[in-house]
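Heads up, the thing below is written out as structure tokens.
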Amino acid sequence: MPEELADFPALEHIAGSLQDRFGEAIAETSFEKRELAVKVRTADLLAVLEFLRSGLGFNALNDMIGLDHPPRAEETGKRFSILYQLYKFPGGLRVRVVIDVDEGEPVPSVTSIYRSADWAEREIFDMFGIRFSGHPGLRRIYLPDDFEGHPLRKDFPLGG
Amino acid sequence: MAFKEIELNMGPQHPSTHGVLRLKLSVDNEVVLAIEPVIGYLHRGMEKLWESLTYRQIVPLTDRLDYLAAVSNNLAYVLAVEKLMGLEVPPRARYIRVILAELQRLASHLAWVGFMANDIGAMTVLLYSFEDREDILDIFEAYVGARLTVHGVRIGGVPFDLDEQVIGMIRRVLDETPKKVADIEKLLNDNRIWLHRTRGVGVISAADALGLGLTGPALRATGVAWDIRRDLPYSSYEDFEFDVPVRPGGDVYDRYLVRMEEIRQSLRIVRQALGRLRPGEHRVKVPRVLKIPAGEVFHTIEAPKGELGFYIRSNGTDKPERVKMKSPSFINLQSLERMSKGYLFSDVVGILGSLDIVLGEIDK
Amino acid sequence: MTDGTERQPFILTRADHLITWAQKNSLWPFGSGLACCAIEMIATAAARYDIARFGMELFRASPRQADLFIVAGTVTRKMAPSIRRLWEQMADPKWVVAMGNCAVSGGPFPTYSVVQGVDQVIPVDVHIAGCPPTPQGLLHGLMILQQKIAASHPTQEIFDPHARRTG
Amino acid sequence: MTALTLLFDLVIPALKIAAIILYPLVMVIVMIWMERRVVAFIQGRLGPNRVGFQGVLQPVADAMKLFFKEDIIPRQADRLLFNLSPVLVMVSSLLAFAFIPLGGSFEIKGYAIDMWIAASPVGLLLVLGLSSIGVFGIVFGGWASNSKYPLMGALRSVVQILSYEIPLGLTVLTVVFFSRSMDLVAIVNHQKDARVWFGFLLPVSFIVFWISGIAETNRAPFDLPEAESELVAGYHTEYSGMKFAFFYIAEYAHMVLVSSLVVILFFGGWLPPFPNVKALAFLGGLPGFAWYLIKIMFFLYLYIWIRGTLPRYRFDALIKLVWKWLVPLALLNFVIVALAWYLL
């Protein structure tokens, strides 16, 4: 039995507020497994996150997830995605903000909005090679500085 | 000797970095001016490896993330997979999972208090707490055959039913642990040196803690009553009655008190779960080759160290396209700098200890 | 053990016996833990298994004072240079035990960042399998190491520089 | 010169000197074994029990192994000081035993044999002085290693030992008030004549002395200079083999020395307890050396017990303890004792 967004007024309200505020900038809203995901343009990322934090009370960045889909690169030219998993204390509402990024395309750093993004962005840089503009100290976090390649790209072999 | 500032390098091999963490410190006469953790010395490429394994093969590898709380890792991953599949597990399986997870929390917290006290110099506590922890590991050994990397939760339920022998062992632990915990507290709670080393050390405010994404006991010690078991229940936690211990101070001592109280609450939950265990299936049949239709899911649980989550993206095959772990220690370690600036070098050891980090889940 | 010991003077074999007796009974491990196996190593030192019975409870924090390097856990490529350096800092005679599958062969991690066996970095005396090995397993490995030490001939090094097992 | 006088004038003193060098070493071996077993029992373990009867040969095996270990001198180290410091630490703590009376004197064929080597009129000063020379060894060792952790350990050690010297000296003075001598033998004899041990007469002095003594020997809870969880191994991080063994032995010898001082200054040295109680007169039947051993064993045991129980002080608290509590307490104690002694 697929659940509808309409059954969850709190999440529906968030989706609605975002739509009202940003309109065209919200490329796509999906609701699956009780999780709300909003796709935005990279250029609007900071504005959307700032609104979510100060306007809607999403005060914690839970996690940042990088994705690599090489097949999609041919279709849209946007090879990577970055998922921002936001969290609201108290209450535990979650929303996922998604952006699509192309190789070499810089992404604005969200460390000014969520301090916990510091290491998470370094991790994504390390693993996918996505650069964040405005990050206070972007460098590899797990791998040694002289490591070549970015392991979580699909074309990177497991054995290195 | 007119030096002002010394650059100190703690680790990657140092007695109190809890594994292979490296801290770049700059100290002025033992006062910490700056501190920068360098991680990755245990980066095993788990997330890359998972992309080449089937959903089931991943479960035992999650044991090796937070190796002090293997069951919690299993549970978080398995719950995420089950959510992705839309699979419901039978109540008995859910209860057994709760029992195992709470015993694991107990073991993890006991190990923590030992390590923490050892960092401060009270090594006897470490020996006591490890002896108490052995009783819990015995339960795991009797149940699945492994002590540390338990692999005690499987997709679709739990591997075995709890038999009388294991239940008897659990009941014995339930009866004996409060006494043993009281012994440890007797060594520490009224000890002036312990109080001096922990009270008012490593203070962090609730606002800072939230901003840095701190979770788990470290967050609850700043006065934020947030426990996923209570607030977003999973695996039937809503059936049990337990308190969420909260302390206002945000210092090392409060983190200690919160964890000690959580030990008691875990015992309470295990006792209730044992009492309400009804006969039934302990697992549902899951196809041998597990193919999950395309989709994505993010699920978090309350692990001993904080909020532990898994993001899983499936693509219709028997292997996930991407599994990302949200590790509590990774986030908690990030706040070390905020907590320890301005304190003494000796305090860094205590503050690091109080965060309860495990490098396995930081470095993945 | 065909190393020409039968040609050794009596006094030297007696000395060998005495030295190896001291060495095998006083193996001070280097307090180094890498991953999961480190927890089992600590459990071995704790009350239930008590490594102290063999005189091995003095985990030295400084490699200079240790005799035994228990590589307890996964050795990553980032950590390997440090492992090598720590081993070099240890004073001879020194022994290495690879504890657990990761240290033996890379274990379940055939990935880009894991060294596939610590013997690629430093020479290993005893391998202990398990993921992680139980404390009994570790103790058994250490007892095998004791046998190995008892069968060695430290005085030979005086006459034959090539007999040095490390260098 | 008869054979007998030769025996008593040359051979016996030579034997005594040999004995007084061996005595601390034997005590160190016993102490190391005792510590490892007792701490193990406190922690619910067994401790070393494989080598020799109940593991008594464990320290012997350790020492022998250390003897056959490679001796590493780091390339950046100051070779002279690096080599000198373990010797300094070891010699200073062993030398002090020359002035420690291990028992009373007894007579064989008209010749008095003393259970000490030198009974200097300023024996107390010499012992305290020699035992604090050891701190130079620690400083040299920490500095010469040319490494950060040893340096920090050495710095901590200097501040700690220098601070704790002050209450130590002040409490010793209160004893000298009563004994009117700095000769350790005379101090014991005075307690014999007074029929009361100074520990009961001057309890505050004893407590301050004991706490300062633990701090002087860098033992838990004052083991900051070698705090393992912070400074790896403190000032001896870079030392290996025999030189490390020297530090190790010196630390235990120092503990034996401090315990001996406590016993001599405050608990009547080799005197049997309860000389006033007729019913317990048989206690005097045991030789003085035995009583002395029993007493110092008690204090050595106390060292271990404290180590098994307490966490480690932080540096600021350690300094606060000495300057805000022990020094004022010792001063007050000194003034009160001086007044009492003057008025009575």
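So that you can tell them apart, the chains are marked A, B, C and D in the order they are listed, and the count of residues begins at 1 in each.
Here is the rule we go by: a contact is a pair of C-beta atoms (placed from the backbone, for glycine too) under 8 Å apart; a residue touches a chain by one contact, two chains touch by 3 or more.
Note that the structure is a prediction, hence the values are computed from the model and not measured.
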Contact-richer chain pair (by C-beta pairs counted) among B-C and A-C: B-C
Separation of mean Cα positions, subunit C and subunit B [Å, integer]: 31
Centroid distance [mean C-alpha coordinates] between subunit C and subunit A, Å: 47
Whole-Å separation of chain centres (CA-atom averages), subunit B against subunit D: 45
Approximate Å spacing (C-alpha centroids) for the pair subunit A, subunit B: 26
Sites on subunit A at which at least two other chains make contact: 142-144, 151, 156, 158
Contacts with 2+ other chains: residues of subunit B: 14-15, 40, 43, 45, 48-49, 127-128, 131, 363
Of all residues in subunit D, the ones touching two or more other chains: 43-45, 228, 232
Complete list of chain pairs which touch one another: A-B, A-C, B-C, B-D, C-D
Subunit C partner contacts - residues on subunit A that touch it in the complex: 142-144, 151, 156-160
Residues of subunit D touching subunit C in the complex: 36, 40, 43-51, 55, 57-58, 60-62, 64-66, 68-72, 228, 232-233, 236-241, 244
Subunit A partner contacts - residues on subunit C that touch it in the complex: 77-78, 110-113
Subunit D-facing residues of subunit C, complex: 18-19, 21-23, 25-26, 28, 46-47, 50, 52-55, 57-58, 60-62, 64-65, 67, 89, 91-93, 154
Subunit B-facing residues of subunit A, complex: 32-33, 35, 37, 59-63, 65-69, 83, 85, 89-92, 94, 96, 114-116, 118-119, 127, 140-144, 151-152, 156, 158
